[in-house]
Amino acid sequence: MTRIALLGCGRIGRMHAEIIAAHPRAKLAGVFDVHSPSSEEVAVRLGVLQYDSPEAAFASDADAVLIATPTATHVDFIKAAVAANKAVLCEKPVDLDFARARQCAEDVKEASAPIMIGFCRRFDPGHRAARDAHRNGQLGELHQVVITSRDPGMAPDGYIETSGGIFRDMTIHDLDLARFMLDEEVTHVTATGARLIAPALMERCGDYDTVTVILTTASGKQAIITNSREAVYGYDQRVELFGSGGMALSDNHRENAAEVWGQGFTRHAAPLQHFFIERYRAAFVAEIDNFVDACAGTAVPEASLEDGVKALALAEACFRSIAEARTIAVKDV
Amino acid sequence: MTRIALLGCGRIGRMHAEIIAAHPRAKLAGVFDVHSPSSEEVAVRLGVLQYDSPEAAFASDADAVLIATPTATHVDFIKAAVAANKAVLCEKPVDLDFARARQCAEDVKEASAPIMIGFCRRFDPGHRAARDAHRNGQLGELHQVVITSRDPGMAPDGYIETSGGIFRDMTIHDLDLARFMLDEEVTHVTATGARLIAPALMERCGDYDTVTVILTTASGKQAIITNSREAVYGYDQRVELFGSGGMALSDNHRENAAEVWGQGFTRHAAPLQHFFIERYRAAFVAEIDNFVDACAGTAVPEASLEDGVKALALAEACFRSIAEARTIAVKDV
Amino acid sequence: MTRIALLGCGRIGRMHAEIIAAHPRAKLAGVFDVHSPSSEEVAVRLGVLQYDSPEAAFASDADAVLIATPTATHVDFIKAAVAANKAVLCEKPVDLDFARARQCAEDVKEASAPIMIGFCRRFDPGHRAARDAHRNGQLGELHQVVITSRDPGMAPDGYIETSGGIFRDMTIHDLDLARFMLDEEVTHVTATGARLIAPALMERCGDYDTVTVILTTASGKQAIITNSREAVYGYDQRVELFGSGGMALSDNHRENAAEVWGQGFTRHAAPLQHFFIERYRAAFVAEIDNFVDACAGTAVPEASLEDGVKALALAEACFRSIAEARTIAVKDV
Amino acid sequence: MTRIALLGCGRIGRMHAEIIAAHPRAKLAGVFDVHSPSSEEVAVRLGVLQYDSPEAAFASDADAVLIATPTATHVDFIKAAVAANKAVLCEKPVDLDFARARQCAEDVKEASAPIMIGFCRRFDPGHRAARDAHRNGQLGELHQVVITSRDPGMAPDGYIETSGGIFRDMTIHDLDLARFMLDEEVTHVTATGARLIAPALMERCGDYDTVTVILTTASGKQAIITNSREAVYGYDQRVELFGSGGMALSDNHRENAAEVWGQGFTRHAAPLQHFFIERYRAAFVAEIDNFVDACAGTAVPEASLEDGVKALALAEACFRSIAEARTIAVKDV
């Protein structure tokens, strides 16, 4: 039974709390949030401790800490958790500053307990079935990975302003997923960005709302990512693997499979699953499973701190590629 | 907060227990099973009382009883629960004997608390979206309802032998669903049955493994049900509504949306959701929701005891139709 | 090179004329229509003879006659063609009168040239792929055949009044297709009919616009046909084969594969292929292919005159089943 | 009636010949091929003249010339046809040399008869439905165009060696389609190429077999093209338009809509339509329609010589982008 302390009781923190509470081999030890009514609500509802500080969590007898607090706190909390000899599951990104993230990885490299980054998409059953088809040899040599990833709507201005930009905030999931699928390190990055949805906000933040990224590996494999911060038709999450022996795809999920056909139209009655909480529910459950197994020493974390740092390097390269209108070698980041 | 006592800790009882335990407006008060290790496991895991008899549950301070015990006990437990002034959610069928079920309904007709039958498919979001399309007028006048319902594999011999036959055990869900969709009482029943999968067993039990049923209403609407006790490709659950203004369908669900395309083939990577526990998960959750609301007086049970009796009458008519090779008037049952 | 004379230049006759004209091993010898401007238009456009009577066609040096004239003329024309030693491809149904059709088959049983009935659906590539899956053993033992067949709109009143009723006019295609798929003779027929679309017209004609048919074979196989004379969402043509080893289906065809996804909806941009001319185009081409091969002695006609008579017997049984509200043994027809 | 002379009786020429022969408002005047048995076969089969030289075609009384000869001849034939005052429909690309193609457009700019380039995909009903959704405002402001285009198998070595490279030979269709969909001129091009399928051949030819292209417009719209010279699962042809108001897609076409479902698998029974002759059949028919209308003065050619030159400029930019590992401004080509 792995006892997990949760830091951060926002939307994603609450979801993790419920999944842990229902997990047969995990126990939610306690919760903290800087906004104490939030942690109190979760503590009362699930019958667990409410910590009055992160330090209380680190000092507790929990085996592990799940960090779902704002990005700026991640590095300090990772280091504090490691110092307290606790396993760590930290939400992405590690930090907005690539150098700081890299330093963090260096600082904790002797940690004895597992450190895992919350790249939940690696655990999505559909994405994983596509990857398994590749690993099982059904696709022959992999040639191209195409990732379509569009959010259902713009985040609030305040979120955008502090997000570190689309590549560090949103594309980072796809950059990691591309690495996961390619199974070979990315050597070059080419990115294109536009300001089509909220041009004034994006201009002000030096950010983009509509981007395309091409990643290439030493052997010539390509991964293509298209992102939009707003797809009015819903949360569009697709992965396609194309190889010498075939193709695999992981398609969108709808809320149900009803259709209505009338004079001149045929339509799905149900929208795409709304957003990551709904779409990646099974993935979050499998992620906690992997983390609990890693804590028990029966599995390796699917996404390491090193993976978190590497995804940040690619995000960094995306910004540079747009700024310089050229392909960037990842080793130069 | 509705306190619910559970009778029966088999597969479906355990599922209900977990759904109730996680429900924000319900509380699992305690559990009983004639095989006490089963109830003990649930009681310990979910931290609730273990009753040592059904009577203990009826005598408890629970507001409601969920009856998930073998069919033969349903009528007695419904009556005992009503006598104890408790709300009832009883799994289908009410009884294998139509007359006994009808008498039960008569006996408890003055019950003050709600009595509900577990026709979970009425709550399936896809089936309901199809029906909503009809209720909202998108299909015009309804003409035909087509229900495809095939189990992934034969139940054990012992189950078949005591099931009351395919129409009372399996088709009963579809008979109820047809009534739910038609929105008009069925007046005539025509059925065809064959013994194609397990002929010897079916012969011995006077049962069928492959059946087709046509239901008609006074205005001429038709519902067509096709059933098989074994579909090796998976649990096939589809509903189609056809009307003067259009068509609505509720299609199958797969575990995920991955596909693999190779030389000469394109295939889904994931099978259909395995069986009712997986396929109708959302329906069972919504069913408990409706029951809790009914107990709180804020909703009417979607499926009444009367609905349970009427579905049994149709099942009865199916057997007669095959025996007499003719259409049966429901009023003659 | 098979020289084919065409009788009847209506919609289906014109389509056959064009297919024959483009066929590498066939030649359109000439055309006749009782309405001479119709035959003239085809003759001029395709550069072929215009016969001034059916007799002229029978007396010509054509090798074969394609009969696409009104149903009432079929029997006489089949007999005249056989007398003239010509091969025959006759549109369905053979006749509205079952006894007369049976007598015709008896009368021409010594014919040396092939006689074929235009059951085009047997040639549809999708339906045939489903049947091939069965014949190749991929479905194990066949249990149920489900045929959905709905016309996009009501035929004109005048057509309905002389059509012989839905079972002889429309369902006959599905009755034949069911026989083709079952691969075992039908022994019993149960039918249900309703008047929901044009009740007054149907009442006047003793006909039905919405029907369901169950066919069974000696071994217990079932075929279920649902028909409607008007599906506002388009020409709905589906076949499903269900067996001990799996399922095969032949789904609908759309004009193209475009979709539009917007806020709250996802819809196909293209309707179902409009009607039989469009939907079964490939089938009609393959049918002529089979006929030409049969004329050349290199193939057997896929649908014989005997098949035409047997489908009529089933249509006859459907009407009786409704009239008597019971299952009809085909041998009693 | 537009009389069309055909130059080139290879695969695509023969297909055009048949479409013209069956067209109600066009007449195939005669055919030429440098390999006279090829033109003889077509001439005899369709009952038209066989020219003994291209000059004979230009000197004939045909109204128009369809140029389906090898690329190297295109420019000369376009100029000769214009000199003879004939309308022109020329297969893509205009020439392998961008400067020469541009000069050709300059040379014939005073032509009185229409000049059209065979960008058939503009006429595909599915692609066009997607574009219509955009033009009709259903997608709001267009943000991204995603084109997937993969050939079913490598062309012969000899073809590759003289093709001018993947961008001029294959991608050129997608470059034109992107321009057609974007409805705004492309200003910048970024391309990535790899040699994964036939590395030695590609190395020798300075070519690529697996490429990704990003096109951007002044307003920031993006078009992303992924190409492969070999998709073993079939000819993969998809277009997706993504805008502020929704998404439109034009999906792949299969030979039919049959599926087989068995234990552990569900698969399409039919492959994707084999290659351009099959997949774009309807497009080629509509293309001839547009050309005939243009010759009659009732329509404007959907794809002009200017469009042919602009697509070549983009192809040119693709090669440069890879060579220089940077984004290329189209105005610099």
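So that you can tell them apart, the chains are marked A, B, C and D in the order they are listed, and the count of residues begins at 1 in each.
The criterion applied here is as follows: contacts are C-beta pairs under 8 Å (C-beta built on N, C-alpha and C of every residue); 3 or more make two chains touch, one makes a residue touch a chain.
Keep in mind that what you see is a predicted model, and the values were worked out from it rather than measured.
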{"item": "Centroid-based (C-alpha) most distant chain relative to subunit D", "value": "B"}
{"item": "Selected interface, A-B versus A-C, where C-beta contact pairs are more numerous", "value": "A-B"}
{"item": "Between subunit B and subunit A, distance of the C-alpha-averaged centres to the nearest whole Å", "value": "40"}
{"item": "Subunit A and subunit C, separation of their C-alpha mean positions in angstrom", "value": "57"}
{"item": "Residue numbers of subunit C (touch at least two other chains)", "value": "232-233, 245-247, 261-263"}
{"item": "Residues of subunit B defined as touching subunit D within the complex", "value": "232-234, 261-268, 271"}
{"item": "Residues of subunit C that touch subunit B when the two form their complex", "value": "140-141, 143-144, 146, 148, 150, 188, 190, 192, 194-197, 210, 212, 214, 216, 219-222, 224, 226, 228, 230-233, 236, 242, 244-247, 325-327"}
{"item": "Complex contact set, residues of subunit A against subunit B", "value": "22, 124-127, 129-130, 132-133, 138-139, 245-253, 255-263, 269-270, 282"}
